[in-house]
Amino acid sequence: MVVRAAVAGASGYAGGEILRLLLGHPEIGIGALTGGSNAGRSLGELQPHLAPLADRVLAPTNAETLAGHDVVFLALPHGESAAVAEALGDGVLVVDCGADFRLRSAVDWERFYGTPHAGTWPYGLPELPGCREALRDTRRIAVPGCYPTAVSLALFPALAAGLAAPEAVVVAASGTSGAGKALKPHLLGSEVMGSMTPYGVGGGHRHTPEIAQNLSAVAGEPVIVSFTPTLAPMPRGILATCTVPARPGTTAESLRETYAKALADEPFVHLLPEGLWPSTGTVLGSNLVHLQVALDEAAGRIVVVSAVDNLTKGTAGGALQSANIALGLPETTGLPGAGLAP
Amino acid sequence: MVVRAAVAGASGYAGGEILRLLLGHPEIGIGALTGGSNAGRSLGELQPHLAPLADRVLAPTNAETLAGHDVVFLALPHGESAAVAEALGDGVLVVDCGADFRLRSAVDWERFYGTPHAGTWPYGLPELPGCREALRDTRRIAVPGCYPTAVSLALFPALAAGLAAPEAVVVAASGTSGAGKALKPHLLGSEVMGSMTPYGVGGGHRHTPEIAQNLSAVAGEPVIVSFTPTLAPMPRGILATCTVPARPGTTAESLRETYAKALADEPFVHLLPEGLWPSTGTVLGSNLVHLQVALDEAAGRIVVVSAVDNLTKGTAGGALQSANIALGLPETTGLPGAGLAP
Amino acid sequence: MVVRAAVAGASGYAGGEILRLLLGHPEIGIGALTGGSNAGRSLGELQPHLAPLADRVLAPTNAETLAGHDVVFLALPHGESAAVAEALGDGVLVVDCGADFRLRSAVDWERFYGTPHAGTWPYGLPELPGCREALRDTRRIAVPGCYPTAVSLALFPALAAGLAAPEAVVVAASGTSGAGKALKPHLLGSEVMGSMTPYGVGGGHRHTPEIAQNLSAVAGEPVIVSFTPTLAPMPRGILATCTVPARPGTTAESLRETYAKALADEPFVHLLPEGLWPSTGTVLGSNLVHLQVALDEAAGRIVVVSAVDNLTKGTAGGALQSANIALGLPETTGLPGAGLAP
Amino acid sequence: MVVRAAVAGASGYAGGEILRLLLGHPEIGIGALTGGSNAGRSLGELQPHLAPLADRVLAPTNAETLAGHDVVFLALPHGESAAVAEALGDGVLVVDCGADFRLRSAVDWERFYGTPHAGTWPYGLPELPGCREALRDTRRIAVPGCYPTAVSLALFPALAAGLAAPEAVVVAASGTSGAGKALKPHLLGSEVMGSMTPYGVGGGHRHTPEIAQNLSAVAGEPVIVSFTPTLAPMPRGILATCTVPARPGTTAESLRETYAKALADEPFVHLLPEGLWPSTGTVLGSNLVHLQVALDEAAGRIVVVSAVDNLTKGTAGGALQSANIALGLPETTGLPGAGLAP
């Protein structure tokens, strides 16, 4: 193994998933692991599922610890990545799983995150038009949010092909790991099991401008996005139901053909055979995105449903896929192409 | 107790929930219980949670068994209610939890159910404009579908007040009991736990025309409905996310005020205080409908989220509420006004 | 309604369940509601499932607030009940859902709880020999722990009849609400869904001496208890698998007959028909205890499995059942005798 | 890749898990896939999580289809393996995930399975004393049952070292996939979510004689086993709580030391650090076995809790681990050493 990676924020769910995938990656070795308040504790205690790393102890997150690696994965709270990245030098591949460098609009950033905009990095969603190319040889990658991954991949073919009007209505269900390990009452098992609830309703979720940015770029015009996320009683997974008004002339056949063509060469994003619908259980722990499309003629809308694992393709797998590209490795290296079911 | 009720289809989930509620109803006694293929078996075996009825044995579903009751609840497969109802005589209150008498349009019925249309009965959703009045003294009630209950109550105030354009996009998550006790592979616990999946996408779900019928009636114009149901990893509950385009002039204040006013006197349908959002866990086992509204100004859409228990308010509780009205009892008699949480 | 009840600790799971049951109790009205750190907040926010009480605001837990009620339910952290009870006067019925007054042995108390022993009150498990009588006219009730309820009711008939040697091995699974609303990482939904884990292994759980106390009393000799609790991915419910060595001469028939006889008149504790086994889903939200027994002849052991809802019969329902007795009301008043299933 | 494997019974849970693991195995290629009633259907429809195999169509299970492979994994209903194995020839490595060749006692076989005994093959639990050696160069492997895997690995060190008397009491919780894809009412999601229930109580479960066989072999004397399995609301995982009477002189230190020593060189079976307890979520999808031990001095019992994934280490992973040994490959090849959490 030539490539050596550090993971900053190794005690969280995103950091843990990066490590799970790195343990199965044949070309990248695991170097320094850091934590914030968990520095000094062992992974055996913090992430007991990572048995081969049980004896590793978290170092504090700082430039000294992270120096000397070929790749540094940042799984830090929003707003903390810029300072760390700056200290690392231009030659290091920095893969930021936080939001800091995803948005191009400083206005949007400040409105949704409330802090000064740190900048914009190449966007780690290779399947979006233009993104794969921008990732080759970059040394900075902004990993997309989990919802934007699921929604952008669901809608870009229809919008890029002009089959749909630029007004998306999206309702997505997410597993609880999307909310991280924060100790909040509504995330207790007693509260979430057997229950669903929405949050960030009415346009308030921070992933809304990121989705709009991605879709507007492929549509070539501003896309208005109504986005409602919901919390579902499962640890992982996003099921995104995405609808857009069908433009005149769109048929079930042209719709299907457009998606088949747009995704034909993608190793992870699959349009399912007719009659089969995505489920989050099917893609669990994998880098897969499962899609299905329908034309609702009575309602005049295209409906696309996508399923991803929010921690794998939605975070850590997407990060690794983009890192593979930047490092010149085959894009699928070390990434599970099959889900864990049932 | 003066009123005596029979339940046809007592071995299914709807029949079981009717019985659970009747056990707590002070004015209605439990008479004959019938089943199809389960006739001859005891409730102790079929519905072990109904401990006080453990020794009751199901009779076959036929006119003789059901005769001599004041109320007959039908929890039968679609298409079987008409024949049973006809045999019961006009003086008996027949409450049909099946779909047979819900739709006014024979064309819609035949398109979605594929059999001849049996007719239309007063619709058992008292909160909808005009419905409560029609239920008084009726001897036939068509209990609404679970999704139509959740969606119609979420959207009728906005549409009735002209705040919204008549184009609804609805995505709803349902617990698995909505699919009944049918032995299908995708309903196995191994398949549904930890997983979400859509079904009936693109307008194919049978509840779509029922929702459109209800909303069109209150809007006074045809309402187009894009409806996507999803199966969620929980036994009970519906969370319906309903969006409609806001008409010019609609403000967050006018929206909230409209809902507050429309629901002010409802005993079961509650607009939550600002900042709180419905969850299916909160209404579990109760006849409650919890609602919250938002105006997404950037997207120009009204978003209403409702939570109901699909078996209680969505089926058996709604049936009992309507039966109370028809029997001249206080509408809330015997109906849980608090959920079972956590 | 003549009887008026206050609930101290109304924002927790036990307090919420007491209130849910009181809302359905025809003879007890709801008076003052108090909280610790949640004083000043409304139940609409803290316990949104208790819709009829949404506007009630929690008062601080103190003697002034609790004075003037006929019954006071204490759902406080262990160790806080004694001071409150003392201030309430002898005429008030005080029902303590905490552990403070359960144990007779001060040594056990101090070993497992680490504070001075407050005393011993009549034990609120009416089905145990001698308990029902002691509850009549008492003004102090110690509500049993949830595990001791499930285990003591499972094993007392065999031990009382001398069918078993006094060495119990118990493994019990509990829903997460048994751990309360404490914000601990291992109680997050992401951690508990899809996962089981033991705790308090090796005799360390505080319910061990309480189980031993109950069983020793009925056996007339010290009963040794090996008790392992496990956390199960469900919000509510205890499934207790209890085994004891069969004494020579015990047969499957004598075992079954002993249980049938011991439980014949109990309104809530039911020996299931042969071939049916208890499940926690069946007793959800009810005051039921479902039991089944088997004689494992090859292993020489009696196996009894019991299912209860830890918050209902295991806490709040048990509290109300005992309070009914103390108040001279029919024992089953206001208590659900059917579970919420599925 | 030199080694080519066929999988008979590729549409079930065990077959699907074998394929998931083979997709990540660098030395074994996937050959013929067969099914019974599912022959002719594609894996894309039957096992949608196995995306790279979506186009593979199941052949019927027969000797012609399975011929010409180096390894044949049998994931067939009990009783069907013998005929298939016989037709395959002695040079083919046959790995049977069914029960047919696990038991040495024909009497036990006939009592628990009701058919003539087919024979006994080397037992695929390498960690048990003597087993690893017997697997080298064998061409027939009987893969253990999932419960016997979890229980035997939990108890063998204590029994082999003479720390415990030969009377085990075991209560184990299993995820629903252990029951397979059979369409039975009690396996519906609506029934299992939020609920726990026992089955096979009183010694009736077929894994009981297999556990006793394993433990008796290591103890050097007959071990009596009281075994109660329970069905838990999770798709995968076994948590086995195993207790045995401690022999005089056993101390917490000697117990811990015995386990540490017995498992020191095992790649997959880990004694956790003191204070940490196994959870099934931690080992999900991995070949790990997590163990923790305690000495309950008051009860005089050793308590060992183990966690495994019933489909991975409990079936398919164990099968592959043993196959690796038989094929002369490193034992851990292609087997996940980290769990999928959360």
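Order of writing sets the chain letters: A, B, C and D. Residues in each chain are counted from 1.
Definition applied: a residue touches a chain if its C-beta (ideal position, glycine included) is under 8 Å from a C-beta of that chain, and two chains touch if they have at least 3 such contacts.
These are the chains along with the protein names UniProt gives them: A, B, C, D = N-acetyl-gamma-glutamyl-phosphate reductase.
The shown structure was predicted, so the numbers you read here are calculated from the model rather than taken from an experiment.
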Subunit C and subunit A - chains in contact with each: B, D
Distance-maximising chain from subunit A - centres being C-alpha averages: C
Interface numbering overlap (same over half, different under half) for subunit B and subunit C: same
Inter-chain centre distance, subunit B versus subunit D - centres from mean C-alpha coordinates, in Å: 45
Centre-to-centre distance between subunit D and subunit A (centres being mean Cα positions), rounded to whole Å: 35
Touching two or more other chains - residues of subunit A: 13, 175, 177, 188, 190-194, 233-236, 279, 281-282, 284, 342
Residues of subunit D defined as touching subunit C within the complex: 167, 169, 171, 173, 175, 188, 190-199, 201-203, 208, 224-228, 230, 232-237, 239, 241, 243, 277-282, 284, 292, 294-301, 303, 305, 307, 342
Touching residues on subunit D, where the partner in the complex is subunit A: 13, 16, 19-20, 23-24, 44-45, 47-54, 177, 193-194, 235-236, 270, 272-273, 276, 279, 281-286, 288, 290, 336-342
Interface residues, subunit A side, partner subunit C - complex: 13, 175-177, 179, 181, 183-185, 187-194, 233-235
